[in-house]
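So, here's a batch of structures to check.
Below are two complexes that have subunit A in common, paired first with subunit B and then with subunit C.
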Partner chain A sequence: MSEKLLEVKNLRTEFHTDKGKLVAVNDVSFYVGKEEIVGLVGESGSGKSVTSLSVLRLLPEQGNISAGEVLLEGKDLLKMNKKDIRNIRGGDIAMIFQDPMSSLNPVLRVGEQIMECTKLHLKYNNSQARKHAIDMIKRVGIPVPEDVMNRYPHQLSGGMSQRIMIAMAMSCNPKVLIADEPTTALDVTIQAQVMELMLELKEKNKIGILLITHDLGVVAEMCNRVMVMYCGRIVEMADVFSLFKNPLHPYTKGLIASVPKIGKNADVLPYIAGRVPDLSQMPKGCKFAPRCSEAMEKCYKEEPKLTNIDGNRQCRCHLIRERSEINE
Partner chain B sequence: MEEVKMQEAKYEDFKIENPMKEFARKFLKKKSAVVSLGFIFFLVILAIFQPAPYDIDETDYDNILSEPNSEHLFGTDEYGRDVLSRIITGTRLSLSVAVTAVTIGAFLGSILGIIAGYYGGLLESLIMRFCDILFSFPGLLLAIGIVAIIGPGLTNVVIAISIYGIPTFTRVIRSSTLSIKELLYIEASRSIGVSDTRLLVKHIFPGTLPALIVTYTMRMGTAIISAASLSFLGFGASPTNPDWGAMLSTGRDYIGVAPHMLLYPGLMIFFTVLAFNLLGDGLRDTLDPKLD
Partner chain C sequence: MKQYVLKRLLNIIPIMIVVSIIIFMFIHLIPGDPARIIAGQKATLEEIEIMREQLGLNDPYIVQYKNFMLGILTGDWGNSLKTGLPVWEVIIPRMKPTLILAIFSIVWSVIAGISIGVISAINRGKLIDYIVMVGASSGISLPLFWLGLMLMQIFSVKLGWFPTTGIDSLSSYVLPSITLGAGITAMIARYTRSSMIEILKENYIRTSRAKGLSEFIVINKHALRNSLVDVITIVGLQFGFLLAGSVLVETVFAIPGLGRLLIDSILFRDYTVVQTVLLIFTFQFIIINLIVDVLYGVANPKIRYQ
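Right after this comes the complex of A and B.
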């Protein structure tokens, strides 16, 4: 097993709203190792992004982390003071967001924005930062970096903006990169280029990447391990081969089944019936039970625990428990 | 089978236009705004060089209250002073009062607005309630009240107009800040560890500039009217000063015999305020990307 770079233990994030206290992330634990890409998959509203924001404590005002630990090489980020966490952000842990076009400040030149990071964290002066920024832009495969430095974000294409975002994120040599749906807003050919770039950076810089996505194709292509989230809980965790070959949780099965397949003619695409329940109206018992085709009476009464299987997999389902009990 | 080749977008395909040129191109399409800008530019020239044909205190007792003629284009007043010269000289007074007052108001109002918008909470409530209190007075009444407290005089007029400009700027900048701070690029900046102060100054403030510029221009018109009104009511410039409002005030007594004493300063105020408002409109149309 690779060295644990970032470890999240029993994270619980709550939001205080008019409807009362809502638990967006409940008892989530995982780790990201060196030179490893960990996928975090789930439908919209399953708590993927909140998990990633919690790691860097970037939650909006209403949100707060009520329990758990976020360890970066053993140091707990949740216990740090404001100044120290600011040094981690962009320094040791960098983040890439979903929509590159709106992640760049429209009134500042691209170069200035890339330089900001190294000036803040590595205390570079103007000319050092400039040189480094040009170097970074070259590395993410954009020709004529000097020209791009002087442009405003609206003068770049989507793919170029995401490359710039990656250049920005990588400019302080982070140990961990959190990529929150980095390719969702891009078209397919650009997606492939960006993914390629991320793989390359992983190899070269030996970083760990937490890749948040709802695109299973991307997961299959990129990740070493995958976590599936549903309603703020991890329902299944496995290495990428086992997950696609033999999904255990009914939700994972449903997700994989609902990917359209080229060559197969289907009148109706397979899908998971129902929708993600509202955070304020969570069902008792297993949160997936109302949509699950294999739900039993027990599922509506008691929430299953995350169970270890074969030492390297985890699954949160009563069925798995029963089967393994029978096996014993 | 025909072979299909895919072509990647060439780098040169992304044409860049200089933002200033882009702005100029859009702005030049707004005819009324361009004319207004020209007029304001003309006023500024008048204010700086003061090309008055006569000295403002030069009296011509042979020509008291004379109608506009070739010697005195705008006529003369009750002491035989040239109205045109007094108007030209008064430009400096009116513009400098307005610029100073609006700048002070914009400066203080922006600081309050950006703080209220960014930090929120109790601080925001306090600032916004303070603005509500200022807003609850009818505009000019507030200025009169302030002058009544601190005494008449041009400096005090400036202070009064600045105070009553503060809440407008606070509200505009606060609402800009509120919408900008929710944007992804602010979150992205926070994710690379940018501190609050730097975020405010470097990332949020430039975003509020379009709103600030438009409000500033619009307030110029209001400030000129307010200053003239206060002078007209006798709170501002003394009647010896060549202030447009003060000229209206003295002209009032001679409205039957010498209407030109009211007409020309009045027209001057009218056109100046109109120009600032039209310019503000034009700037808003140009600076707001949503109106493209």
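Right after this comes the complex of A and C.
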């Protein structure tokens, strides 16, 4: 197992809203190793994005991290003062976002936006930063980088924008890249190119990537390990092969079953009935019980704990616990 | 960009034609007969009739309008009915005070308005935000002449810091500029605030924070540049308010500017002066809007690269 670059321990993130205090992320722990891509999967509203924003303390005003630790090579980011965390942002940990078109500032030239990072973190002067930015644009596979430097974001396509975002994120040689649904807003062919680029960067720069997505295809393609999130909790964690081969949690099974498969002539595409409960109206026991086809009486009363299985897998389900107890 | 400016410049022509028609009609619609005023109170009906003929008031409106426009285009804007001097000789000395007043007012209200708006936006929901916004609402609703008189009472009469009236030195312009700019400052502040609040929620602001930029740079570089695109529009529109306000402020502070001249000329039915001042005001407004349009293009690359 590779060394732990980024480790999140017992993270708890709350939102203060009109409906009162809502727990968006509850007791989430995971780590990202060197040269490793860790997937964070779940439906919309499962808390994946909040988890990723919590790492860099980029939550909106109402959000608040109430417990836990976020360790980058052992240093707790949650205990840092504002200046130190700013040095981490864009420096050791960079981030790219779901909608690249709206993630670039519309009134600033692309070059300026990339140069800003190296000027800040690597203390480059104008010409150094310019040279580096051109180099980065070249590396993410955009032809004529000098020309692109002077363009404004509205003159770029979605795929180009995401490449620019990646160039920007990678410009200060981060150790960890957090990618929040980086391919969701892109065309399928562009998706493949961006994923290829990320894999390449992982190899070359030996970075760890936390990849947030709801697309299991992307996970299967790219990740080493996967975490499945539901209602702000991790419900299953496994290496990518075990997860697809033998999903343990009923939610994971449902997710995998609902991916359309070519060749299987099913009349109805399987899906998970119901929807993610509202954070203000959480069921009492297992949060997935109301939608679970295998739910027992116990599931409605008592929330299952995240249990270790076979040493490197984790699952949060009463069924698993009973099975493993039987095995023993 | 050049094409864009050229297109805007060509747009001025039809606007000025329409405005000239409106001003021409306005002059003929308001009660009172210029011929009677020029001829004097003791003139006989015959004399008045001769005067009407001389002034061309008996011609069909189309011919009158043609003569009016020809006069403007050839530089013959007529003589003031009151003083008999060419209108330009009456108007030009009046332009400087109004210009200084307008520039002072707009400069301070843009700087103050944007700063107040930004401070308010980043402190949204806190005490300072409420205080500033209550101030801004008052700024918008206070009648100009009342504010002017209050300022004069406090700072000129009681404290003696500034002269009460007249234009002896630049310090004479301080109170009038504050009075004239107050409403505009408040308007710009409110607009900047709401625009900044929206922009601070944008994804690219999150990106700029994720890069590790300081809050100062995030706000003043990334957010404010975007907000200016919206605010510039409002500043342009406020100029109309400024011109109207200058009439009031010049009256309150006894500044011999264009606004005062307009009022005096209307009272005296000095039509030639009235129409010239109105044309100048309109032209000013159009030019300011042109400048605003160009600035809008500078601030917003989407417009610039169409």
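Note that in this section the second predicted complex is superposed on the first by the 328 of 328 C-alpha atoms of A that agree within 3 Å, B and C clash if a C-alpha of one lies under 4 Å from a C-alpha of the other, contacts with A are read in each partner's own complex, and residues count from 1 in each chain.
By our rule, a contact is a pair of C-beta atoms (placed from the backbone, for glycine too) under 8 Å apart; a residue touches a chain by one contact, two chains touch by 3 or more.
Being a predicted model, the structure only gives us computed values, none of them experimental.
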{"item": "Clash or fit (per the criteria above) of subunit B with subunit C on subunit A", "value": "clash"}
{"item": "Contacts of A:His214 with subunit B and subunit C, given as first, second, both or neither", "value": "neither"}
{"item": "Which superposed partner A:Pro106 touches (first subunit B, second subunit C, both, neither)", "value": "both"}
{"item": "Dominant contact partner of subunit A by residue count, subunit C or subunit B", "value": "B"}
{"item": "Partner chain in contact with A:Lys253 - subunit B first, subunit C second, else both or neither", "value": "neither"}
{"item": "Which superposed partner A:Val144 touches (first subunit B, second subunit C, both, neither)", "value": "first"}
{"item": "Which superposed partner A:Leu156 touches (first subunit B, second subunit C, both, neither)", "value": "first"}
{"item": "Contacts of A:Ala94 with subunit B and subunit C, given as first, second, both or neither", "value": "both"}
{"item": "Residues on subunit A lying within both footprints (that of subunit B and that of subunit C)", "value": "56, 58, 86-91, 94-95, 97, 99, 102-108, 116-117, 120-121, 152, 155, 165, 168"}
{"item": "In the complex, subunit B residues that touch subunit A", "value": "6, 8-9, 11, 14, 16, 19, 120, 183-195, 202-203, 206-207, 209"}
{"item": "Residues on subunit C engaged by subunit A in the complex (per definition of touch)", "value": "202-204, 206-214, 221-222, 225-226, 229, 299-302, 305"}
{"item": "Residue numbers on subunit A that touch subunit B, as the complex places them", "value": "56, 58, 61, 86-91, 94-95, 97-99, 102-108, 116-117, 120-121, 143-144, 151-152, 155-157, 160, 165, 168-169, 172, 189"}
{"item": "Footprint of subunit C on subunit A - complex, ascending", "value": "56, 58, 86-91, 94-95, 97, 99, 102-108, 116-117, 120-121, 152, 154-155, 165, 168"}
